[in-house]
Amino acid sequence: MAVPETNFSPPFNITRASHVIVTVRDLAESRRFYTDVIGLLVTHETDREVYLRGVEETCHHSLTLRQTDGAPVCEAVGFRVFRDEDLDLAKKHFDATGVAANWVEREFQGRTLRVSDRAGIPLEFCASMPTLPRLHDQPQFHRGAGALRYDHVQCLVPDVADAGRFYTDLGFRISDYFVDQPDDDDPLGLFMYRKNNPHDMVLLTRPGPQLHHFGYIVAESHCLFRALDTAGGIGFAQCFERGPGRHGQGHVFYVYFRDPDGHRVEILPPPIQLMDFDDKPARWHSGNRFTWDLPPPEKWLHEATPFEGVPLRKPAAEQKLFSLEEFLSAAR
Amino acid sequence: MAVPETNFSPPFNITRASHVIVTVRDLAESRRFYTDVIGLLVTHETDREVYLRGVEETCHHSLTLRQTDGAPVCEAVGFRVFRDEDLDLAKKHFDATGVAANWVEREFQGRTLRVSDRAGIPLEFCASMPTLPRLHDQPQFHRGAGALRYDHVQCLVPDVADAGRFYTDLGFRISDYFVDQPDDDDPLGLFMYRKNNPHDMVLLTRPGPQLHHFGYIVAESHCLFRALDTAGGIGFAQCFERGPGRHGQGHVFYVYFRDPDGHRVEILPPPIQLMDFDDKPARWHSGNRFTWDLPPPEKWLHEATPFEGVPLRKPAAEQKLFSLEEFLSAAR
Amino acid sequence: MAVPETNFSPPFNITRASHVIVTVRDLAESRRFYTDVIGLLVTHETDREVYLRGVEETCHHSLTLRQTDGAPVCEAVGFRVFRDEDLDLAKKHFDATGVAANWVEREFQGRTLRVSDRAGIPLEFCASMPTLPRLHDQPQFHRGAGALRYDHVQCLVPDVADAGRFYTDLGFRISDYFVDQPDDDDPLGLFMYRKNNPHDMVLLTRPGPQLHHFGYIVAESHCLFRALDTAGGIGFAQCFERGPGRHGQGHVFYVYFRDPDGHRVEILPPPIQLMDFDDKPARWHSGNRFTWDLPPPEKWLHEATPFEGVPLRKPAAEQKLFSLEEFLSAAR
Amino acid sequence: MAVPETNFSPPFNITRASHVIVTVRDLAESRRFYTDVIGLLVTHETDREVYLRGVEETCHHSLTLRQTDGAPVCEAVGFRVFRDEDLDLAKKHFDATGVAANWVEREFQGRTLRVSDRAGIPLEFCASMPTLPRLHDQPQFHRGAGALRYDHVQCLVPDVADAGRFYTDLGFRISDYFVDQPDDDDPLGLFMYRKNNPHDMVLLTRPGPQLHHFGYIVAESHCLFRALDTAGGIGFAQCFERGPGRHGQGHVFYVYFRDPDGHRVEILPPPIQLMDFDDKPARWHSGNRFTWDLPPPEKWLHEATPFEGVPLRKPAAEQKLFSLEEFLSAAR
């Protein structure tokens, strides 16, 4: 199945990946991880929920942690639409195309519309949140990585071409896609964006749907080290999973952490700007990827967060993934 | 005159500030300044012209230097529209609103439409340029600041509210504006944007129209020092004008240079992201600006590049500008 | 008077500049400045004294703040000798050379010997302090600049050649010296060191003796910006005096602050290493200094901290100092 | 066998690790690696030799590459003594203690004395080299990591306590040592220094003697990324071996490369300062090491450069080394 085509006249205006909601088993410990290692600020909290935002963000929250007594899951992946009327256009569009779309109540959000994408990922759209002052230039409030802003979400799905079409129909453009062999058609990875950088929603072929990670932008590359040192210093060293590395497509550097419940979070400096009509999807395969970065460990390849109540499906064909373990073994 | 209002249904889709054309008296020396201190890459050159781009840019050029035997000027300020058909919409719009709009030939650009804004600034719009590979992750090609990409242009005009209306009518949003006293209406500075950061076009009240500076994004704050050290090392120390500092509104850090002809160029790390409908224009006055940055020297306040063949007009009222010279004198 | 010669067989082993004691009028406010902007850690405090150290330092303190009800002064400039027996050698040496040397009691220091140098600067030598763990890799304890370690002290004296001889006799080497005109003999500035970088004690010709500043090393250049932003964010913007700049001899970058009592403190990334016998003193004059850095403002040139109870003497000849004010005035 | 004790009255004054000589099979390719990835400057070259130095170094060379047609080896590890007369003291000392010490001719070095240490490592001592200007503040000459200066050498030896005694007798101090279990006596790693940071000579227990790596200081942490990106960009991606990481004792960050012949070179930002008599050797074991850094891959643990003509001996007891491979396997 081929790489889907962007609809440049989308039915409503999605502007960016905006937030994610995950459940955690120890709210205090998760709060400590996200505030002290990642550097998020608490906007609001109760004994069951913590709302957090990056230090540059004016929106009320980009991460919501919810206490659970069960297994930790992702409850929803959020996108921002430009204006309130875009929500009505969205509702109309989903109704017309047979996608169940329901208004849901969310604290600290304007009207919120909930749907599932073709792969079963629970999405929610909203146009506004209460706003707060930016604090990116006030380092007295920064901890750890001092994460600036929520950037993107990466999900695992059994068929990225099929799942991706949901997004390209809504106007998402493709910055990059991966195929296995140089002359393959079938994409195994899709980097899709609405705002002016390479990713709002990334899809990889794996059993899914699952949340692979969400990413926060940090100011500069040294913030990666600051996050790591802080994690080491306050008892979260075991949360470090991968990096510092340079993404294969060259967008930017990265570090991956697993939070205390295993939810994966990436921190990355500001990536490239991508916005011209001339910017065509870049095609990557085993033969042309950027080369100094080491392959990911098995866990990064295969572990992820389930979506609440959504069953897993396997990809049609098994995919061979090159891991750090294999790289090291081959290097001997 | 009040701060103009953004038209959120603009007649055509301008996506970003894209390029600038200036004339220089010694092409080789200017080329050396922009490649070795600012770090631009030469895409094409003849003995009369040099086309340059930032290391991250895929577009053919964002700066064109042209040899002149006269006084150095700015020939045009360029904006990118999203698709070729936006140019037809633009032509139609300008014709309908009585703005002279002419198709001009530009090498290495698609169709190009030229107009003058309400202040007389010569603008040109195009939808495409030949593309080249990004080289931001290939430091073997980086020199000096290693400038990533063209970001914005700042112009001086006698009446920013009036001049700004041209842009807000075309969909530019306002990130920030300056007034003199806390309760003033009349804006003395307007920061306007189409892409997702605070500035594509900035206007300040002064005799005009003049080009005050254009700005390139650099990767990280240490690149400011690298540019300065390189300037010192290769004979361009006297081109350093101001900084390193933090902009008064807190967007980001900066350094200003004057090129060998006195054209001013700013380098700045990636500034804040700005894109939500909730992001309202921030209002600044003498009482609420960010405070550690020192005021600009007189030259920064008053010297600028003329636009070719465009006469200067003075602001209606004289404005008192606080300079570094006054600050130092008051501090004694 | 010529540049003094280093005695390479000094009577005792001074290893480095180690600490400074200043008095302040508002202990709480000064504590806040040094912990939150400079990033020092409090090792011990009472209601009359605060002992501070850099985050990398194992020594108990490198800065002591003492509450005063009078005018703020510097009480002593401290140097570390290698071993306790070096203090006995020092005492013997000073007794033999007619320099009054007295044992003084200092809390949190081993035996401490106090003398005045030839210019009247009150010095104290000690060999040990209680030690504490290094915390440079524990960013959870870092604030502001996250200053790593005390590095050097700069003093103003009426005759640097004469004053400097005290230090070169004790084994200080000269990294750099300034003269006015290229063929002058008389040094107007002396950079002297014992440890392996360009400065433990710097002397400049001015009315003196006075403490011009003391300097702390920060990890990287971006820490300069973090200190400035923090100062701006917590109400110490007016404490920023000069920079970020590159020192004229090229050692490294700098920012200067004035603490709430006007004591000047420099922060600087790690400078060059200097330790070979082959490293001869570098000679600087108005014609060969590094060029992009702007000259210092008048206040930096002329304001300083008096030493407690030590009268000022003027230099024999008046010196013309080039200030930022003059530079800006000449540039018009 | 216990950790050896420092002789604080050494027979002559070694000041620092100064240089290393290795042989290479393709001089042009090795030259390209060290100049373009590591950033060294060529001081002198013939068709059989290249002399290189760091951009901050005034000494003529810190790395000598020699063309070989055989297997690549390390010919000598160099240390600097303070003054020429220290060489005579050294000769006298080695003669008196039955260590064969011979004067050898080295181009671009003053008198040079050659000995083998107790483990068979070929050492050479010299007091001077021709000097050249520092270029650390001239980025127009920097490439890749822009390495500032040679810092240390790490060697593998079968018995570090025995081998280390050679150095502690010559005045080397111990910053850190490793044991296996918390209550072990026998050191498995010794970090020894003469200059004011944690390492001039590091010894690890392994079959030896072998050269494990030599290290160059880079200016800031982002230089690690610049080196890696450059390596990727110019065809040396496969030379990347390990990092970026934070050393277990917390001294500083690191990246390891293998040059085209497999010689290992480390780049690291400026580490901690270490110089007080109060600074006691830090004791590390499996239970108290800094924790976020991942273990080294098998190759880092076991591969090294032989010394020319020196046979390998095995440690008395086999040592269990924890590798990245085991870590990943255990993590599954």
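Order of writing sets the labels: A, B, C and D. Residues in every chain begin at 1.
FYI, a contact is a pair of C-beta atoms (placed from the backbone, for glycine too) under 8 Å apart; a residue touches a chain by one contact, two chains touch by 3 or more.
Quantities reported herein were computed from a predicted structural model and do not represent experimental measurements.
Visitor: Which neighbours does chain A have in common with chain D?
Guide: Shared contacts of chain A and chain D: B, C.
Visitor: Could you tell me which pair, B-C or B-D, is linked by more C-beta pairs in contact?
Guide: B-C
Visitor: Farthest from chain B by Cα centre, which chain is it? Let me know.
Guide: D
Visitor: Could you state the distance in Å from the CA-based centre of chain A to that of chain B?
Guide: 33
Visitor: Just how far, in Å, is the C-alpha centre of chain D from the one of chain B?
Guide: 49
Visitor: Taking each chain's centre as the mean position of its Cα atoms, how many Å separate chain B from chain C?
Guide: Chain centroid spacing, chain B to chain C, equals 42 Å.
Visitor: Note the residues in chain A that touch 2 or more other chains, in rising order.
Guide: 137, 220-222, 229, 232, 246, 290, in rising order.
Visitor: Quick one: in the complex, what on chain A touches chain D?
Guide: 220-222, 225, 228-229, 231-232, 237-238, 240, 244, 246, 253, 290-294, 297-299, 324-325, 328-329, 331-332
Visitor: Which of the residues in chain D end up touching chain C in this complex?
Guide: Chain D reaches chain C through residues 8, 15-16, 56, 58-59, 80, 82-83, 127-129, 131, 134, 136-137, 148-149, 195-196, 217, 219-221, 246, 250, 269-270, 272-273, 275-279, 290.
Visitor: Considering the complex alone, what residue numbers of chain A touch chain C?
Guide: 36, 137-141, 143-144, 220, 222, 226, 229-230, 232-234
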